[in-house]
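Below: a set of structures, written as structure tokens.
Both of the next two complexes hold subunit A, though its partner changes from subunit B to subunit C.
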Partner chain A sequence: MTAGPVVGGLRAVGREARRLRITPRFRGRELTLLLFVAFALVAGDISLGATRLVQAAQEAGEQPPADLVVLAAPTILTIYIAGLFLVHAALVLAGRRTDQILLPTMGLLGGIGLLLMIRLPQDLAGRLGGLAQTQLLWLVIGLIIVTGLAVAVRNDVWLRRYKYTWAAVGVGLLLLTFVFGRDINGARLTVTIGPFSGQPSELLKVILVVFLAGYLSENRPLLQEESTRVGPFRLPPLPYLAPMVAMWAIALGVVIVQSDLGAALLFFAVFLLLLYVSTARVSFVVLGLAAFVAGAGLLYFVVDRVRTRIDIWVDPFADPSGAGYQVVQALHAFARGGLIGTGLGGGLPSIAGRPPIPALHTDFPLAALGEELGLVGILAVLGLYLVLVERGLRIASAAQDEFRAILAAGLSLVIGVQAFIIAAGNLKLIPLTGITLPFVSYGGSSLLANSVIVGLLIALSERTREPLPPPRVTSRFRRLVDRGAA
Partner chain B sequence: MDAAVIAIWVLRLLFLALLYAFLWVVVRALVRDLRAAAREPTAELGRLVVTASPSGEPAAGASFALDAITSLGRDVNNSIVLDDEFASATHAALTYRGRAWYVEDLGSTNGTFVNGSQVDGLSPLAFGDEIQIGHVRLRLERARG
Partner chain C sequence: MAGHERVGGTRPPSRFPGGQRSAGHARPVSGSAPSWAGRRIGIGAALGRVAMVLAFAFGSLALGAGYWQVIESQNLSTSGDDAAVIAAARNVLRGEIFDRDGARLAWNKRDKNDEPYRVYADNSLSGVIGYANRQFGTAGLENAWNAQLSGVVSADPLRELTRKFQADPSDPETLKTTLVLQLQEAAAKALGRNRGAVVMLNPRTGEVLAMVSTPTYDASAIADPTTAEATFQALQDDRRTPLLPRATQGLYVPGSAFKIVTSMAALSTGAITPTTTYSNQPAAESKGWLIDGFRVRDGHHPMTGNKALDFREAVEASCNIYFAETGVRTGSEALTDYATRLGFGAALPFDLPTGTSQITNGGGSLPGGFKDRVEIANAAYGQAEVLVTPLQMALVAATIANDGTLMKPHLVLEATGKTGTTTVNPQVEQEVVSSGIAHEIGAAMRLAVNGDVGRFFTFGAALRTMVVAGKSGTAELGPGQEPHSWFIGFAPYDDPQVAIAVLVEHSGGGDVKASPIAGDLLRAWRNWKNG
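For the complex of A and B:
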């Protein structure tokens, strides 16, 4: 009688689903797109496998085998594609009317990253025996997070109401990194607790957006309307600039204490973008950019790391085998790739068994893709990020209230800005800052944080007419302050 | 050797082509979605956002979806009740006529102001304009699309 409890359990699940009025809803668009993702990834994997076979035959001096249709890593790819379809099945069963484009787009980016990890030397990193296995594990955990958030988050009160608690958690994470952080390559980003290590700044970017969405949606009318007049100039209201100055100081602090230029740039850019999105005042952006230029100028003279990075950006060929080595190698990789690249597995001549760029799997995946897929390939990858941003902004414009709108805009802009910072850094468009390419780069923290973003965006995109939350009740303290001012 | 080279070329181009096929399908879906959103009539005509309210009723920051006729005043039967000592029982009305919003003072004791100047009779109202009734300030905003 082992079937008894199982049947009973299924019945209980059915009852629970009926109680919550959950009915499965077919997601045709998502299914079609996921099929495209699966075909593309299988084609890429066969391309990689065939190239490897021919290379092995050439090295052995033999004729290449007749049958070239071989998957490079069948198990890893099968698990990943099966995972994507399982997430799809879970979303169908949940029956919510949510976005159907975010999951396949994220899935394709993650799959391209996975192909790259399969292709790179496996001993580059990874604690589970290889680069690709570890990346697969993180991708699967990321997909579980997406499913959990997309199915379960029906209410945003827990984000909206506790915005200062979230801010405190963020500051706590930052302090944790200051105190317990380990220096890797001169930057203090990684916190190791027991067997786990992670980069809190990745999670911090999500918390920052949640806090900013809460703060800006509450103070938007004031920020939009009030002005401080200094002579003929209309400046933004000075009291409400305090958080802006605090933000600027935090970004500077992150740079000085942690040497984390990429995260600082990301935080400040997203902050300015959200300020503009919520108030439509150009003066904020102008002031913010002025503060950025002043801060960057200051840091150039104070922090050695900033000076090195900018000097490399100005002229990487001044020291091509030392400081400028990575950037020069990346530029050569793009040049070798040309228009359509060398094909997966065809590029990257390794020096003594290692790829020429040490941080290829974390900081320079775009250079690797540029070499093997060419200009055509990286334009497609950048197009996928544009799709993610467009979906996020679309969800924002259809949102029911300001908090959700700013949250959705902020979450998608985080991904877009991060992809821009590292892609432009790889291409020597802006100084290089060590940050991950979302969903493509190797790394657990980055994948988990970006999965949280996609999960929340899918949950926020639900199209049902919920009643608006009741208008905010002013606290007694606030009322006293207002009365005192009036 | 030639067959192998050609096979690899085909596979490489197939991978790139499939990436663009995905993008093509996605972009078509996005465009269709945007067109549908543009056709959908917006249910709301506009919103009124409270920028200042010393009494706390309505709360500062609250925002009201507007019907074609919205009345403002101290009386509880108004669409938007203003608990302000300088507001009259039936103070003013906002009306949507054709394509524009108008504000009308309904014979209040202390007057209705738009962007600082007093309104007499019917006065057109643009999105972003600020109405002041007593100590309460309200801004007319476009409905979100």
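For the complex of A and C:
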């Protein structure tokens, strides 16, 4: 055997690849980070396996076995890690010069969530053989979405052109929730149509960012410089305030109709942040915050759920076994974890076979991680979200135009703000709202929506300079508006 | 953040609507811009500020996590609301409880979820051992020694710190109590369907040998999760209040049994001597002794005739007038002082929570809070506002039996965990009276059981096999109510080893119910003692 045929074969493959216009590009940083992620997840799974062996031996009244190195859920973990490397391979083959940090960061967060789902009682939720298997399915679908968007999205015309169409889709989703929504724990978040069910507000947050990016980038100059004089005050241009008021009303509506405090808070916060990003006018933010305070005050007196949540937040220990139960137990979980935690599987004492917090897998994963990974683990998880946001903002500041900048900033801020809202709720810094911890919480809608975000961010991060999309064919109406505003 | 401007600068301006207006994001505000708006900054700079806001928000999250996980960690994770503490109570096998001879009083079974629940040896234990149930909590000894029995709290702070790293963090302790199961059963049987209480203890050591409250209840049914709810509800609705541990928390008028307390104060302060007599006493018995417009009445003058009684005879005949006069002569200050030494006026130093025995309601102007001399006179023979717990009266008898020294009553001999055994040693609580005075009162109590006059009031308490000393009581409760029946005493007279208090609610005079029960139980004690 000589090297000749092999080299020749490789050359043939290369020729074929070039013919198909595939030019693989090595992604060394991503590969290194993914190897680290794989190592961390395997270590976590072994830790969980060892804890389980010790616990089982204890219950049987025996000495724990000498060999404790065993994976708790080898198949699930193998599939997930293989999935991560397959995404990496696809991105290498695609040959685009895109971000290499986002995938490993998302991968680690998703993996930590998966370990948590493996660790929790499997019958908490999920149709597909239990919590962990269902979560794995959604994670794999999420990775496929990331791959698809990161490889295929090469221009953004379909996003920027049809912003009002997207807005219509968003409103449609809201209506869908209103009509087909099912009340779960007093909140109308879930829509069930036939065998499918999901939480539209998760997808809505992506659509909202796309719409805002389109709207704000187009009207940026006007919003930045015009002003209206009302008496002694110079206010932002009133005609352009309309969407702001609309946003405020939508957020309020989401609260009143769906009792979805978390989503409303998220929408409004992201809206204000993007408004500031695009206009740099602090006055907008101040005005928005004033509207928020007024709205919140109104809701406190009108909506029982809001009042309950705020009262619990003020003093959860007033009724530790009733209304404040979940919040108090979450704080206890953090407290039990202490600095370094109990180790995966070592905490969350079960009462009658159930974990101490009912909504552990959806609303309180951070409390679970706080107990089992300790303060150190919490800081690491929070750090991962900051990395995601930092990458997103970096992509935004390097973007080719305002639309892409605001889009990238909005997408990453959605993840950052959402993580903050639920983490702060768990830690009693703000009232608790039922929103997911991105990539960690159990749930398909949340994972899919956040995967869309990461996929879009990776696509937006491409560094080759592409020609910008052609200007939109301006309508007669549009020309009139432009003339009037100028 | 400079990237955006670089890219933006290279952009063909004409291809993006509005691009001309925004080209160069760091462009200073033109003259036409409103003055309030300040200097315009570009998207890059705005993104930087947003990033700072978010970093600040996440910093506050880190501080919040630090607060709960470091500063509040200890407080929260050891509180009773903590899931780990609750789970330990559910999952950990509570330590078993034994009587002093090794008979099992409480142990564990497992339900269908493999969670343990408590089982108790006998209903007679309900008033002292109590119960432990995950829904309804704990009572009695199960409550008082809960930390040791469930093993969640360790006395050693260093062990507490490293607890969560140990393979098995809990260390439930086994309790060996001072109780005697066969005496418990005998007492419950003797009280029968009556409501009442029996306390038996070793006067030399303060070890409680028997402590029974009736009606008893089935503590195992409360502990068993399948029957707990219904049982507990029924017991709470029961008008006979079986959940009240009468021996320690029931408060009753003591009647003549209280004369022993008055005797201690009177003899110790020298208000009377054993030979003191009151010349007006025999005559007063027909019409009552008048003090400040109130007549102290007495009912047994036919038996004593016209003789003026001395101290021993007054105890034997249980003469109310003698003690009313003695009480007034002793004064409320000395009475209060000696009652306080015996444990009145405060919860008793005991494993279980106790009711507070009192000699007056307080609030009066005389020392100790008495209203007037009439109240003192009536209190001196155990009426007026005197209220006592059966345990308190057992301690009164035990103090006489132990030469005037009150030993601290206790229920646990040993607590044994993985790390070793803690022993509870006898402890002197109070030197109440001198041994001479204790012997004088003891001699009078011997007559009250065995004397020609006394045995009519304490019928059934005297034994052929052993000399018993004691004092009966008939607590008058006012018109229309049967009096409470009391007996307190000790045995054997020459070398007291057991003190006893028997209370039977609304059952008539001391001789009717309490004295025969005391006799039965002292016989049972002797049988137990002789093996």
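The definition used in the following text is that the second predicted complex is superposed on the first by the 450 of 486 C-alpha atoms of A that agree within 3 Å, B and C clash if a C-alpha of one lies under 4 Å from a C-alpha of the other, contacts with A are read in each partner's own complex, and residues count from 1 in each chain.
One rule holds for everything that comes next: a contact is a pair of C-beta atoms (placed from the backbone, for glycine too) under 8 Å apart; a residue touches a chain by one contact, two chains touch by 3 or more.
Being a predicted model, the structure only gives us computed values, none of them experimental.
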| item | value |
| --- | --- |
| Partner chain(s) touched by A:40 [first = subunit B, second = subunit C, both, neither] | first |
| Subunit B versus subunit C as contact partner of A:382, first or second or both or neither | second |
| Contacts of A:331 with subunit B and subunit C, given as first, second, both or neither | second |
| Touching partner for A:445 - first (subunit B), second (subunit C), both, neither | neither |
| Which superposed partner A:423 touches (first subunit B, second subunit C, both, neither) | second |
| First, second, both or neither for A:64, with subunit B first and subunit C second | both |
| Which of subunit B and subunit C A:54 touches, first, second, both or neither | both |
| A:320 touches, of subunit B and subunit C: first, second, both or neither? | second |
| Contacts of A:101 with subunit B and subunit C, given as first, second, both or neither | first |
| Partner contacting more residues of subunit A (subunit B vs subunit C) | C |
| Subunit A residues contacted in one complex by subunit B, in the other by subunit C | 54, 64, 218, 220-221, 225, 346, 374, 390, 394, 397-399, 405, 471-472, 474 |
| Of all residues in subunit A, those that touch subunit C in their complex | 54, 58, 64, 218, 220-221, 224-225, 227, 234, 273, 276-278, 280-283, 320-321, 328-329, 331-339, 342, 346, 348-353, 356, 370, 374-375, 378-379, 382, 385-386, 389-390, 393-394, 396-402, 405-406, 409, 413, 416-417, 420, 423-424, 427-429, 465, 468, 470-472, 474 |
| In the complex with subunit A, residue positions of subunit B that touch it | 1, 3-5, 7-9, 11-16, 18-23, 25-27, 29-30, 33-34, 37, 49-51, 54, 56, 58-63, 130, 135, 139, 144-145 |
| Touching residues (chain side subunit C, partner subunit A) in the complex | 1, 3-4, 7-8, 10-12, 15-19, 21-22, 32-34, 36-38, 40-51, 53-55, 57-58, 60-62, 64-66, 68-70, 72-77, 79, 81-84, 86-88, 90-91, 113, 115, 164, 167-168 |
| Subunit A to subunit B touching residues, read off their complex | 29, 32-33, 36-37, 39-40, 43-44, 46-47, 50-51, 54, 57, 63-64, 66, 68, 101, 104-105, 108, 218-222, 225, 340-341, 343-344, 346, 373-374, 376-377, 380, 383-384, 387, 390-391, 394, 397-399, 405, 471-474, 479, 482-483, 486 |
